[in-house]
Amino acid sequence: MLYILKPAMKNLADMTVRQLLELFEASSLTELEVKTGEDSVRFARTGRENSVVPAPFPEPKKKADDLEVITSPIVGTFYLTPAPDAPPYVQVGSVVQKEETLCTIEAMKLMNNLEAEFSCEIVEILAKPEKLVEFGQPLFAVKRL
Amino acid sequence: MLYILKPAMKNLADMTVRQLLELFEASSLTELEVKTGEDSVRFARTGRENSVVPAPFPEPKKKADDLEVITSPIVGTFYLTPAPDAPPYVQVGSVVQKEETLCTIEAMKLMNNLEAEFSCEIVEILAKPEKLVEFGQPLFAVKRL
Amino acid sequence: MIRRILIAGRGEIALRIVRACKDLGVESVVAHSEADRDTLAVRHADRSVCIGPAPSSESYLNVRSILSAAILTRCDALHPGVGFLSESASFAKAVEEAGLIFIGPRPETIELLGNKVRARISAVEAGLPVTPGSETLTDLASAKKWASRLGYPVILKASAGGGGRGMRIIRKESELESGFPLARREALLFFGDDSMYMEKFLENPRHVEVQLLGDGSGNVVHLGERDCSVQRNHQKLLEETPSPILDEAMREVMTESSVALFRNLSYRGAGTVEFLVEGGSFYFMEVNARLQVEHPVTELVSGMDLVAEQIRIAAQKGIVRRQDEVALSGYALECRINGLGAGRIARFDLPSGPHVRTDTFLTPGMTLSPHYDSLLAKIIVHASARQEGIDRMLRALGEVVVEGIPTNVEEQKTIVGSSLFRSGRFGTGLYETLCGKEMRHG
Amino acid sequence: MIRRILIAGRGEIALRIVRACKDLGVESVVAHSEADRDTLAVRHADRSVCIGPAPSSESYLNVRSILSAAILTRCDALHPGVGFLSESASFAKAVEEAGLIFIGPRPETIELLGNKVRARISAVEAGLPVTPGSETLTDLASAKKWASRLGYPVILKASAGGGGRGMRIIRKESELESGFPLARREALLFFGDDSMYMEKFLENPRHVEVQLLGDGSGNVVHLGERDCSVQRNHQKLLEETPSPILDEAMREVMTESSVALFRNLSYRGAGTVEFLVEGGSFYFMEVNARLQVEHPVTELVSGMDLVAEQIRIAAQKGIVRRQDEVALSGYALECRINGLGAGRIARFDLPSGPHVRTDTFLTPGMTLSPHYDSLLAKIIVHASARQEGIDRMLRALGEVVVEGIPTNVEEQKTIVGSSLFRSGRFGTGLYETLCGKEMRHG
């Protein structure tokens, strides 16, 4: 509910940001916005009750607007090499063309090659080789080319 | 929902942000925005979840800043008259001097006379005669003289 | 002994299994969809694996993902929960072929019981009465012949069906002419098999089921019956035990013949034989070869832990009690609290305290997903007798506060508080009678 | 029968009594302080009356307000809860003089048992062993004489005391010289009575109590014992039944002599005889002439409802079962979840599901008041045996999430998960041993 009142309020202009913040901290508010003349200040916080919500996966360390994350489409074991002794499909810095293989995910003794859907540069490898990857788990952070 | 009120609340202009916040904290609002001239302040909070919190007592119907509420100091039966046939101590509009009796509250067969702590005019009688009043229950809305 | 179990289910049952694992000192791994990441089963399991996106077809029905998750997390057993793949013989077989213990009946048993015609034959062999019914219907002509022999109304059923799906009530011959081909197409669509059969239709029967445990070697105990007659569109809403309409004589025949059926099958694990009861007679309907949502009412009167029993039986440790050690004490009643819409739950006060058990999988801030069934919580009360149990359930329902999504709590209060329910004299049409008109929107 | 009960208590016990009232079809009126307005007992009672401001002295100990509330809401009985006035003989008398049924023992019984010296005499008469102790100590000289006769260490106690208050351990004569006058002054201050006596002090005893019900006419049944040895500053933290240190022989003597004591008193209602156990012997300590916080563990193993029993006995309907009908089954363990500070509770996830009971009086958004004791919730589990019960309690504690105020959940996990607790071999000093150092700030 939003109540808009039109009275005159005198001492708002006299409050410091610190005083306002103290009020806010001690309150149950999630948002506080104050405007006086051309100045304005806005405090907000999100629901404090979500500390136990599990984080789905660790975030990629670097985040930039031009990075994209390639996730696992199945549950399986993540391999960076086509065979134990073979060199890896990709490593950090590799440039991969569309439809080139990024990795192998083994599920139920079937080797599934994951191909790049677009040309990109590998910025970070986010999953551990030879370990279980879940559905939706981030595998690579890439820069689209 | 948006309620636009055009209140005749005289002294809102004198309210501090702290006082407004106290009002807000005690209310069921999720948002409160106040503008006076060029100043404005806006409070918001998410899910207060208090729809089942019992309202302590019905609020007095009229609320004005100069009204005060006299509450019951004990649990008992509320009487406006000293005896069944006698006229009431007070009625709406009565002017009561300090230490004059306002009502009788019977508890455990003892008649307790409630005296005015200050001179005042009775604006409203808030409890039902001959019914149970709880500790803290509003009995009279009065105007201090 | 079993060391680590993959739980291939969701909802309050997945948490139920996690809790049983903890009590038994067994590790639990919950396989969940993306939509179920923030649920209590995932929070409390020792480990969780996301197996796919929200739609069940790509997660909870995705055999390959489930088996990969089980093998890669080094589970040695798999619990299929209820619903989804829990009554899939081919899934049970795939689990066993992958070297895992399937916590449920043998694949052959599931397959036999999944075919309604073969299940009826087994029931008849064990001495169970069945509703007068047809053989497999080859065409419309044979359907007409059987219908006039049984007398209308009849009900058409898919041989491979279950849970109310693919059923069609036929009240006269003209309905059969249009309905039979339609029902066949539906059956093909849902179950990949258009075999149909037909039974005499009971207008307003009671739904009563017997809970059994078998050790897989022919030892079988029953834990009494549950009455699940209060249903809405074939979905159970309330379950109670003992049934208010069974007398001792009928109870004894019903439980003993159910035991005989399971003994004939050398049944392994927990299972339920479902009956329809009308006019002082009872008829075998089907076997649910798995745990059931309403198992807690049996747990409260028997003092036994059905999920722990399932796990022990799967580990070849047998059943904890012999039949003469099973004591059923008092009365238990369960109410299912359903969401009438999906969404985030802001407040979720559930009853607690003496004589009340609550099973759920959500807590305030979590979301009832639109992708699955609408069950939010089960409230179960234990009492010395039915009337006391009804009062206690009304007390428990009165403590529920849910904010954020609408629920059926008021409907449940209407039902439990009605004189019709209290009388014990009603059929599966109770919901329509009490709530049908005003609450049809739900 | 009783029609409407005023509940003159607070916290989870007040809600416990409201629930029992609903189950019995009795109306409930909760008398509460201003600070307790927003609690579950007030929410779920049929009616509530605010009897005073937050301080107990002006509300929960305000006899006149409580009686006014009872009379004006037309109650015919009063349940005193636990604590506050529940063991005040003069309050019980005032309740009866006001024409109300007091749900508890007769005032004379409360008075007799409230005087520790007279209670000891009654115990001795009933054949109960007591710790070697003194007569009433008239002065320092007599205190010295008794102390050297009993041998140090001894414990000074106020005759009118209880609950750990006014007690003082004396290890040598010099301590007695300073401690005796101090203890007397304290006793006068707390209890209005400076009578003192002295007992041989047991260094690290177990605390075991027997739960009894008496119908007021000499019929008495016991419901086994509870072991409450895990304490912190004389406040119980965990309670279990059966006690891991009683053998059948000691249990029989302890319960039978407790029954004899209650029979001698023609005890009316629920009550507990408390014992100290050390070195294979047990000693009578005191009687708690009221319901106890830890009563749920007895309810889970006996299947009986102690609050319903209290109400039935007060209504002169007797005890539901004879001694030979009481069957104690399995093991039960209770953990008290305490707030380590007052405040608004933002999140409050409590365990639920099979074999777990939770009793509380708050829900998210409500406030643990700084005015009263710190109990937030009790978690009680039922199991077939002690080791299973311990695992189950660890499971239940693992499900607790409290945000907004700090709690003792981690401490409880430490205790329940310790090998010392699991061994069953410990005394009342367990808390200090396990949590004393790191968690003293609590």
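Each chain gets a letter, A, B, C and D, in the order it is written, and its residues are counted from 1.
Basically, a contact is a pair of C-beta atoms (placed from the backbone, for glycine too) under 8 Å apart; a residue touches a chain by one contact, two chains touch by 3 or more.
Because the structure is a prediction, the values reported are computed rather than measured.
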Joint neighbours of chain C and chain B, given as chain labels: A, D
Of all other chains, the one whose Cα centre sits farthest from chain B: C
Cα-centroid distance, chain A relative to chain D, in whole angstrom: 52
Chain A-chain C separation of Cα centroids, rounded to whole Å: 40
Junction residues of chain C, two or more chains touched: 347, 364-365, 401
For chain B, residues contacting two or more additional chains: 47-49, 52
In the complex with chain B, residue positions of chain D that touch it: 34, 37-38, 42-43, 49-53, 59, 64-65, 67-69, 71-73, 98, 364-365
Chain C partner contacts - residues on chain A that touch it in the complex: 47, 49-50, 52-54, 56, 74-77, 107-108, 132, 134-137
Chain C - residues contacting chain D, complex: 15-16, 19-20, 22-23, 25, 40, 44, 296, 299, 303, 305, 307, 329, 347, 349-350, 352-360, 363-365, 383, 388, 391-392, 394-395, 398-399, 401
Chain A contact footprint on chain B (complex, rising order): 1-7, 9, 12-18, 21, 24-25, 29-48
